[in-house]
Amino acid sequence: MLSIKHHLVAYGQSTIIQDLNLDVQKNEIVAVVGRNGMGKTTLMKSLIGMTPTKGGEVTLDGTDLSSLKSFQRVRAGLGFVPQGRMIFPTLTVRENIETGLAAVGEKKVPEDLYEMFPVLKEMQNRRGGNLSGGQQQQLAIARALATRPKVLLLDEPTEGIQPNIIKEIAQTLRRIRDERGLSIVVSEQVLSFVMDAADRILVIEKGAIVHEESRAEADQEKIASYLAV
Amino acid sequence: MFDGYTSSELMSIFAMQGFAGLSLFSVFVLMALGLAIIFGQMGVINMAHGEFMILGAYTTYLTSGFFQSYLPGLFGGYFFIAMILAFLICGALGALVEWLMIRHLYHRPLDTLLATWGLSLIMQQAYRSIFGAREVGVDLPEWMMGAIPVTEMVDLPINGLFVMVIALSVAVGVYLLMYRSGYGKKVRAVVQNRPMAEAVGINSAGIDRATFALGCGIAGIAGAAFTMIGSTGPSSGQAYIVDTFLVVVFGGAQSLIGTIVSAFGISQAQSTMEFFLSGSMAKVLTLLVVIGILMIRPEGLMALKVRR
Amino acid sequence: MKHSPLMKWFASREGMYYLALAFLLVVLLPLVLEPFRLNMVGKYLTYAFVAIGLVMCWGKAGILSLGQGVFFGLGGYCMAMFLKLEASTPEATAIQSTPGIPDFMDWNQLTELPWFWEPFHSFSFTLLAVIGVPVLLAFVIGIAMFTRRVGGVYFAIITQAIAAVLTILIIGQQGYTGGVNGITDLQTLMGWDIRTDEARNILYFICVGMLFLCLFAARFVQNRKLGRILVAMNAQEMRVRFSGYDVAAFKIFVFCLAAAFAGIGGALFTLLVGFMSPSFIGIVASIEMVIFCALGGRLSILGAVYGALLVNAAKSGFSESFPELWPFAMGALFIGVVLAFPDGLAGLYKSYVMPLENKVFKRNKSEAVPAVSTPAAGTTDGYSPMTETYSPEKS
Amino acid sequence: MSAAKSNKGDFLLAVEGLTVSFDGFKAVDDLSFYLDPKEIRVIIGPNGAGKTTVLDLICGKTKATSGSIKFAGKELTRLKEHQIVHSGVGRKFQTPSVFEDLTVFENLEVSYPKGHTVIGALAFKRDAKVIEAVEDVAKTIFLTEALNEPAALLSHGQKQWLEIGMLLIQKPDLLMLDEPVAGMSVAERKKTAELLRVITKDHTVLVIEHDMQFVGDIADRVTVMHQGKVLSEGSIDHVKSDPKVIEVYLGH
Amino acid sequence: MDNTDKTAIGRPAGKGLGFRKSLMTLAASVVFAASTHAATPSTAEVNTTGLAVTDDTVTVGILHSITGTMAISEIGSVQAEKLAIDQINASGGVLGRQIEFVQEDGASDWPTFAEKTRKLLRQDNVAAIFGAWTSASRKAILPVIEQFNGMLYYPTFYEGLEQSPNVVYTGQEATQQILASIDWAVENKGAKTFYLLGSDYIWPRTSNKIARKHIDKLGLKVVGEEYYPLGHTQFNSVINKIKLRKPDVIFASVVGGSNVAFYKQMKAAGVDFTDEKPLLLTISVTEDEIRGIGGENVEGIYASMKYFQSLDNPNNKEFVAAFKKAYGDDMVIGDVTQAAYLGPWLWKAAVEKAGSFDIDKIREEFAGIEFDKAPEGYVRIHENHHLWSKTRIGQAQLDGQYKVVYETEELMEPDPFPEGYQ
């Protein structure tokens, strides 16, 4: 579905992502884990086009994304939930979702989105900035889903979220995958969440994938060792 | 100061003065709305705003000439066509300018100031070359001239009322566009978080161009309206620029409501002071008061307070 | 062979730049140009004072003032008031109803000199006021704005409004100021006729001398720790504040410094041109002064001088040959500089001429420019902001 | 009243009843805590709990709506940022903020606590004392080799150290560090921990940190914040086992 | 120096200025016209001070703003001066010499005026300068022209208070315009109360000062006096004040872009000037200004000037026809344009009377020089270098022309320093 080849990102003289290769299958949830500063967020931002790429190739369902701008990537089928949610604080919940709809030329918020996140329907006229962290996270996911993506990118969706809600988010991701048949790439450093949500786990360190295994046979201890100091 | 006037005369005068304030208010609103969009929403300091207004005025001038020559029967209604044309022409030029120049400067607001100042010089000289250095006289249809007598003392100028109506319509239109339309949502999303707006599929470059064009188009409408009360010459636009910026900044750059509130405050202050002082001193005092308040409250009247 | 530090400096790359400018202004132009043209160059140079101030204030510290004309004008008016009083002796103004006061006051029914004109009988007071009045106003504006953290675009717009207010005031209070005509018909400075060619030549050299004084003052500030703090403040104001600096005080200082330069420029302008009028205070004049600075390279104090010279020379040349094209050229210049050469002449020099120079100057490696890979570096003057290069061997 | 209370003990820092609201939203809500001299205190808590805002309030970046901050007996809430710095409070920001255009040496020199007035900055001379102080600090922050390099060329971790160095050279009594190890490599983290151990010998330190293991390594005491309030306070083991903390922050 | 080639002497007038083609051909034909060599006195005889005079030609300077804000006003003067020069050349020139001109742009910038004057005098050695419009530019020129002993022919009506040996003022000074017009309003329209209104600078203020003194002398009343910054466009408040005070006459000296706004807003406020309640008397609105304001907005106002395009005399008919032929049928001619036209003719008359181009010799001859082909009828130079001229009151018509309703019987004596009016 999503294929990343020889991905290279650098700021000035320092290279952040180095020759990264990754294939995401249809209907697959891939987790990229690693500590802060290892390049997770840079990877995500460069995939959506927020950060310029120095080299390599990214294709989505056969479409080459490499030369596209962010909004074109979204229209090509990439959805993005950024670190820190970045909802539009002074727009209402409904308006936030509608910004996503605009990309695909729709006007009305589809019912199935509200079904998936009933709390958003309840609060559709509240300003985004007044929601709690967990609700904002749901809003950010709903906003991304409104663009009808084929691949959904989530950057540290658990950051700053209470542990009990983290579990919910993991379930939501699986549900989205099952109901909508899309692929998900999520970057994380909370191991329990990764174990709950992902089909395949990749460890990123200094901008390169250093370890990979499927969840079924994942060696938790080993992954945890990458996450520790 | 009021010796020898009857109370009814005084009442009428205050009514008239109130109207004068309102008509100044509508002028300020028209001047400032386009700039409020461009400066407040995009952070671009468009020093050529006045020249865009005058482009609208020249458009009106040409339209009136065209109607006089070819469609004299429809002359009474030419003004509406002129306003639409002014909006379209200024908007188109705005889009072109955005594409050629402004889009390269979004992260350098002070540089937009210099570049658009250069643009204003070019536009002024272009007007001078095309229309001549003299001011042009714009003929108004008969129905726009004169005043409606309300009482013996109080007359309401029709063109003043008309400018008010235009100002009001433009303000309402801008409000609906910014807060009730899909476009407005996109603009607000881009203003709040440009990269994120891109990442939900909004073409922020396109939004920028449309927004700049919209601001210039509104300047064009303002210019068309001002042919009724002001002069149309190559450098007439410069007269507006300081006032316009002060109105926008005083209102709190991000807030359209703030712009309207500040236009109201400044216009009332000025017209009240004009009645008791000479015109020059009223102007100086108004500017000083505005500067003074801005020093105490640099974020303007209606700034959004958000957690940083 | 032991050289004095001064000689060493002149032999350095930076010293060469100053020598080249001095050669141009002191030797070449006076030789080549007739007095009338040289006087015009002198006039252009008075704008260079403003531009140097803007380099310090805008380029280094990031404070863009669109009201520098105010300070230029105030300095010019102070000088004009002195000269006008000197020209308004009771004998020279015998036909007036009140002899001994400036002619425009007489036309406006003033029967005695306003109190604030009195001190301008004294030349030493005038010299003080030429710098003091602009600095005082800058100080008041600075305190009001910078302690309230008004900056960037807002500061620019407010200074512009101040320029508008002052223009209206001067024009409106014509009994005290000469109104829109300004203060004209200035003839002698302490008995010395400033209108003759010889006087104008001498004034030109005084102007060049003052310019170098201001250049060195600006260079001194730029090379002290204060200069580094200004640059640091521009990029990371917060960090400077939390390193224990009162940021507002530094901004006020540099704004006052720019005002002082502008005031000196204005006073020289009055001497060279022979009058002062409100049109040099207004918005248009003030913005043009910014472009002198931008064209020269907003980070380079030497560039500012060349910027002022070039724009004005081009303006005169163009407006003589193609008067109706001049505004187009000026407009294109504004846009071009901003879009294509944001670092102005100094930037062009650095990227095109300096590499050639480096070959010639190989032996002076130690004072080479900061690496080209850091274009954001705080100087484009072609030398490191540090005069005292730190060398670890000392310890 | 509060003055009497905080004078009772000889706290270095006494924060009492501190509240700040942004348009009705209380980012910090009636917060009180006390620091002993030479104490290492870590503040932890979920995002949006108000941790960074507390540091902002102490260093004067944000003005408190109400409450008091007493530092060595001096009320800070009414002082300006640079005055707070001069009273002995140093603050490092979350993202490294160093002067990229200046060299490492110049960065440290600018922070050297002399020549902080306009006149002072004009008269400031780079004498032996300054050089010695800069070299001292540079050694502490592992940047001796890089002294003549522009800060722009430093790695992320080195910039973090440089910023810490810029605080150290001011010889503050209280150091406030916002996530000092964020974005660092393993090696850099280890070095930072070492650096902190050196620093803590003669400074009071207030740290915001996420990494629990790192917290355990360095903290004397831990304050857990949640929704602008103190949720729990005590030794690392104490807060780790506090059910409220587990519920909202650590997870089961 | 090689600077001369930068400003080609006698460069075709049409160059880039948007002038009508007819002028170009006219100018060209004039330049190449064979000059009458008949009784030409020798150059050494008529030029002892090194002016740019050859056996065939004499060079003069034209110095107006053709760029910047003042270009609006000054271009008419440039056209008139060039027309006069062409006509003089066609009729044989001055002392048998064809006039060539160097045109410089003052660019609406006062130091530029001073600079260009220097250039014209020092470098081009022109025999006369026709130029300047605003008082500010004249004041800038004045020290230079006095220092180098040039001669400026200044066309604008102005505030007076000046009398330079090096300037000939071909427009009216303030008392000429004002005294007659106020007398007229009092005598013919029964005016008792006046409202004085002007732009905020020296000319309106001085004019109103003279007007006020005169009104006081007549025992009548000024009920309001008000000034607005140059370029001001909002006059609603003053219109209200006027309505409140109900003056018989509004005496207006608003200039520039403000003019347009003022009259449009007056009209819009329901003031019909044809009612003459109040009567509006202006000293600043010429036919030129009406083009920008629109005839319908000023219909019925009165202006006090010495010249209107509609003047019915043979001189004027000829002048208007020639002007339109040169610059197009849609041209209008205002008071200042006519005064500018007088400049070259008066200079020619003085030169020929003196038999020399020398400034000092001409100066001796000024007093009493007359020009009976003046479009305004007849003018004579007073010893104070201003012109004796009639003052006329015109009423603005819908088509933008003035209908002359009154003219003084005698020529008004120019009095730049009026006793009792200061």
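Details
We just call them A, B, C, D and E in the order they show up, numbering each chain from 1.
Operating definition for what follows: a residue touches a chain if its C-beta (ideal position, glycine included) is under 8 Å from a C-beta of that chain, and two chains touch if they have at least 3 such contacts.
Just so it is clear, the structure is predicted and the values come from calculations on it, not from any experiment.
Within the contact network of the assembly, the step distance from chain D to chain E comes to 2.
The minimal number of chain-to-chain contact steps leading from chain A to chain C is 2. Note on interfaces C-D and A-D: more C-beta pairs are in contact across C-D.
With centres defined as mean CA coordinates, chain C is found 35 Å away from chain B. In this assembly, the C-alpha centroid of chain A lies 44 Å from the C-alpha centroid of chain B.
For chain D, residues touching at least two other chains, in rising order: 152-153.
Those residues of chain A in touch with two or more other chains are numbered 12-13. Among the residues of chain B, those in touch with two or more other chains are 125, 128-129, 238, 280, 283, 306.
Of all residues in chain B, those touching chain E in their complex are 5, 9, 13, 16-17, 19-20, 23-24, 27, 125, 128-129, 132-140, 145-147, 149, 153, 155, 157-160, 226, 228-236, 238-239, 270-271, 274-275, 278-280, 282-283. For chain E in complex with chain C, the residues that touch the partner chain are 1, 3, 6-7, 16-17, 66-67, 104-105, 107, 109-112, 114-115, 118-119, 122-123, 134-136, 139-140, 142-144, 147, 159, 161, 200-202, 205-206, 209, 227, 229-230, 417, 422.
For chain D in complex with chain A, the residues that touch the partner chain are 46-48, 152-153, 155-156, 181-186, 189-190, 211, 213-214, 246-252. For chain B in complex with chain C, the touching residues are 39, 43, 45, 47, 101, 104-105, 108-111, 113-115, 117-122, 124-126, 128-129, 238, 241-242, 245-246, 249, 280-281, 283-284, 287-288, 290-291, 294-296, 298. Interface of chain C with chain B (complex): residues 58, 64, 66, 144-145, 148-150, 152-154, 156-158, 160-162, 164-165, 168-169, 171-172, 283-284, 287, 290-291, 294, 324, 327-328, 330-335, 337-339, 342.
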